[in-house]
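Naming follows writing order (A, B and C), and every chain is counted from residue 1.
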Amino acid sequence: MARDSLLLSVQGLSVSYGHINAVKNASLEVARGEIVVLIGANGAGKTTLLETVLGINTPVSGTVTFDGSPVTGVPADRNVRAGICLVPEGRGVFASMSVLDNLLLGAHHNMRNVARHLDRVYEWFPILRTRRDQVARTLSGGERQMLAIGRALMSAPKLIMIDEPSIGLAPIVVNDIFAILTRLNKEGYTILLSEQNANKALRCAHRGYVLETGRVAMSGTAEQLLNDPGVKAAYLGA
Amino acid sequence: MPLPLYYFLSITAVNILLSWALYLPYRVAHLHFITVANMAISGYSAAWLVMSLHVPFGWALLAGFALGALVGWIVALFIGDAPTFAVVIVGFTFIFIVRTVIENLPAVGATMGIFGLPNIGGNPETHRWVIMAILAGMLLLTGFFLHRFDHSRLGRAASAVFVDKDLAASLGVNIKGLGMLVQTVSCTIAGGTGVLYGFIYKSFHLDFFTFALVGIAMTIIFVGGYATPWGTVVLAPILYGVPLLFPPAIQEWRIVIYGGVLVIVLVLKPEGFITRRFVATMESFLSGSRKKRNILTKEEL
Amino acid sequence: MQELIAQVINGLSLGSIYVLLVTGFNLLLLVAMIIHFSYPQVVVFSMYITWLVLRVTGNNLPLGVIAGVASSVLINLLSAPLFQKVMAKREQVDINSTMVLSMGIGMIITDVLSHSFNGGLAIAFPDNLAGDTAIVRVGLISIVSGQIWSLAVGIVSVALFFLLLYRTRPGRAFRAIAEDPNGARLVGIPILRTGLYSYALTGVLGGIIAVLLSMLLGAAYPGLGEQVAHKVLAVSIIAGLGNLAGGLVVGLFLGILEAIVQGYVSGSWSNAIAFVIMLVVILVKPKGLFGTKL
């Protein structure tokens, strides 16, 4: 991959919680305009990896480079302002606040073009416009996922990271969500997502990495991974 | 016995007992400030019994303990398992209400207080020795009780509740029961202490039972070390005695100094000076040397 | 009936002060993650500073108000690093340590007031602040301008404060942290900095409350801080810790209750009755009437 089209580059990242080594010497790359998937079982280190890229955790060793600048150890709020965002597992919306307030929080650090961004998000997710004064708690699972993605879009991000977008959602809704992600990607958004159940994710992605107990066990194009017998057996169940 | 020494020893004993009365509920994270109200209730009641009904001191003291137990138990029915915060507010509210009631009751001297309580045993000398003896007895009993409690199944349960109440409950600890136990015992101790407090001076006054007393007890516990009962024993005489060495102008600012020391210790040495690890080391050291002596004796045989 | 109206007006003034105090307390609880037991004592200290400045500058009202607000903000900001140091975890309220620390601070403030200002005696605020001239006379009851002012400013302050919380960007950040500090961090809200803002904001609020109290009571004494603190804390428990709307309701209710009781019962008993009622409510429902956020 050409160097200057690399949006995110993670090299030799190791992250620990006390004595637990959650991520061991992991490296991955995301080029502009790609959808990249992180596959792995529960506890494989996907969330830790994403959170470290965002700046929630500080790695023990390794580097994270975003858009050409090193961001290892930079705190999360600075990285969000620089254009990285994370849609956390379980949606991470503020249940007691309204849909609108949740969306406005997405633009918290840059309120300049809020109205325009809001309109765009409503275009993508008309249901959010309908429910904009409703408390987020009253939304369905799929609607909450849309709200979470919409909130991420409000910050006009360069890189959208999503942690397990399909968790807890009905299969039909999961299809909708991945269709949305594909559309977003066609509009130019770079997406890095993690998934346990990788079938649908790999079908809309360009490339993927397999994470096992904190290490990158495999990497390749989406097609390579879909056809790999080991990956098939372990992760492409449904 | 010289008078200053009498006052120093007896007031220090009272401070230790009150702090111990607070130490016990704090084992389950309850700051049971109602103990100061207990001191006032039992103290004034005992004084009234002695002055107005000419009840012998011994019975009045027992009544003080009983009253403390009763109030403590009834209140514990409601707040035995309440959140820390609620227990604190209940305590402060009680203190306020009790003070207001006393302030307005002519029968117990209102704002003037009760003066001129009779000497126990007929003369001042005997009176002082009796008070000191009772205080010493209470110190030994309470200290022994706290020591045994800490090293018992209940003490371990209390530590669990302190760290994580919900987890302790899911492990089968009876939160309400344990809370009621420590609160009732604490109030009983406080009741008796309140009676003795006034009889040290042979008078009772509202100034004895103020919110400042809460502050003093808190400083003793948290600076001395709240994880074991012994920090209190070490710190109470120091905290009370050291200001006495200074000129009265400085002594006036006692409470501010206590507050300052409390804040500094909380920030720099949160567990206090006598930590649990220190006590454990001491204990193993003491029992270790005893074991060595036993082995020698056996070998000698 | 006229009496009742006058008492209710008085009660609303007092009530709005309680609401502001509870809201400040709740804000510190939810955003700075601390229990600030002696927040009202900081307010009373600011009252004393205002009094001092008024004395020294010959009743220069604007200067006095500024001094009061400044001292409240200053004390709050100075105590922030202490609270941060004793907190075990950043994202959770460490009840024990912050509570004891704030009690220590309260101890210091109350005793300093007992010894240094005015020799520990009560202080009285000049007439132009308290407004002793009655501007409305309703039968036997007269309402002084101080009460009207404190009611007006009190209500406006409460309204403004809630507006800030629910309709502005910083307010959104506060509420986000209040609900979910981790989630707030993921959206890029700087937790530490926002926490510090909350110290400053409650400082400003404290200064305003100090001025209001001066207008309403016309006087202050060292023990006032403790008394108000106990009432405010009782209100916050009854309303449910962290429950902003609950605090609004219960605070106003207490104010009106106190005012009405004061009309029928003399001085210290009226306080005691208020405390008894609150005590009963807490004993019956130690976790609060409306449920706690904690």
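Observations on the structure shown:
FYI, a contact is a pair of C-beta atoms (placed from the backbone, for glycine too) under 8 Å apart; a residue touches a chain by one contact, two chains touch by 3 or more.
No experiment lies behind these values; they were computed from the predicted model shown.
In this assembly, A is the chain whose CA centroid lies farthest from the centroid of subunit B.
Per-pair tallies of C-beta contacts place B-C first.
Averaged C-alpha coordinates give centres for subunit A and subunit B that are 57 Å from one another. Note: centroid distance subunit A to subunit C, computed from Cα atoms, is 44 Å. Taking each chain's centre as the average of its CA atoms, subunit B and subunit C sit 32 Å apart. Across the complex, subunit A meets subunit C through its residues 54, 56, 75-77, 79-81, 85-86, 88, 92-97, 101, 104-106, 108-109, 111, 151, 155. Residues of subunit C touching subunit B in their complex: 35, 82, 85-86, 95-97, 99-101, 103-105, 107-108, 110-112, 115, 226-227, 230, 233-234, 237, 241, 268-269, 271-272, 275-276, 278-279, 282-284, 286-287, 292, 294. Looking at the complex, you find that subunit B touches subunit C at residues 29, 31, 75, 78-79, 82-86, 88-90, 92-94, 96-97, 100-101, 103-104, 211-212, 215, 218-219, 222, 252-253, 255-256, 258-260, 262-263, 266-267, 270. Those residues of subunit C whose C-beta lies close enough to touch subunit A in the complex are 169, 172-173, 175-176, 179-180, 183, 185-190.
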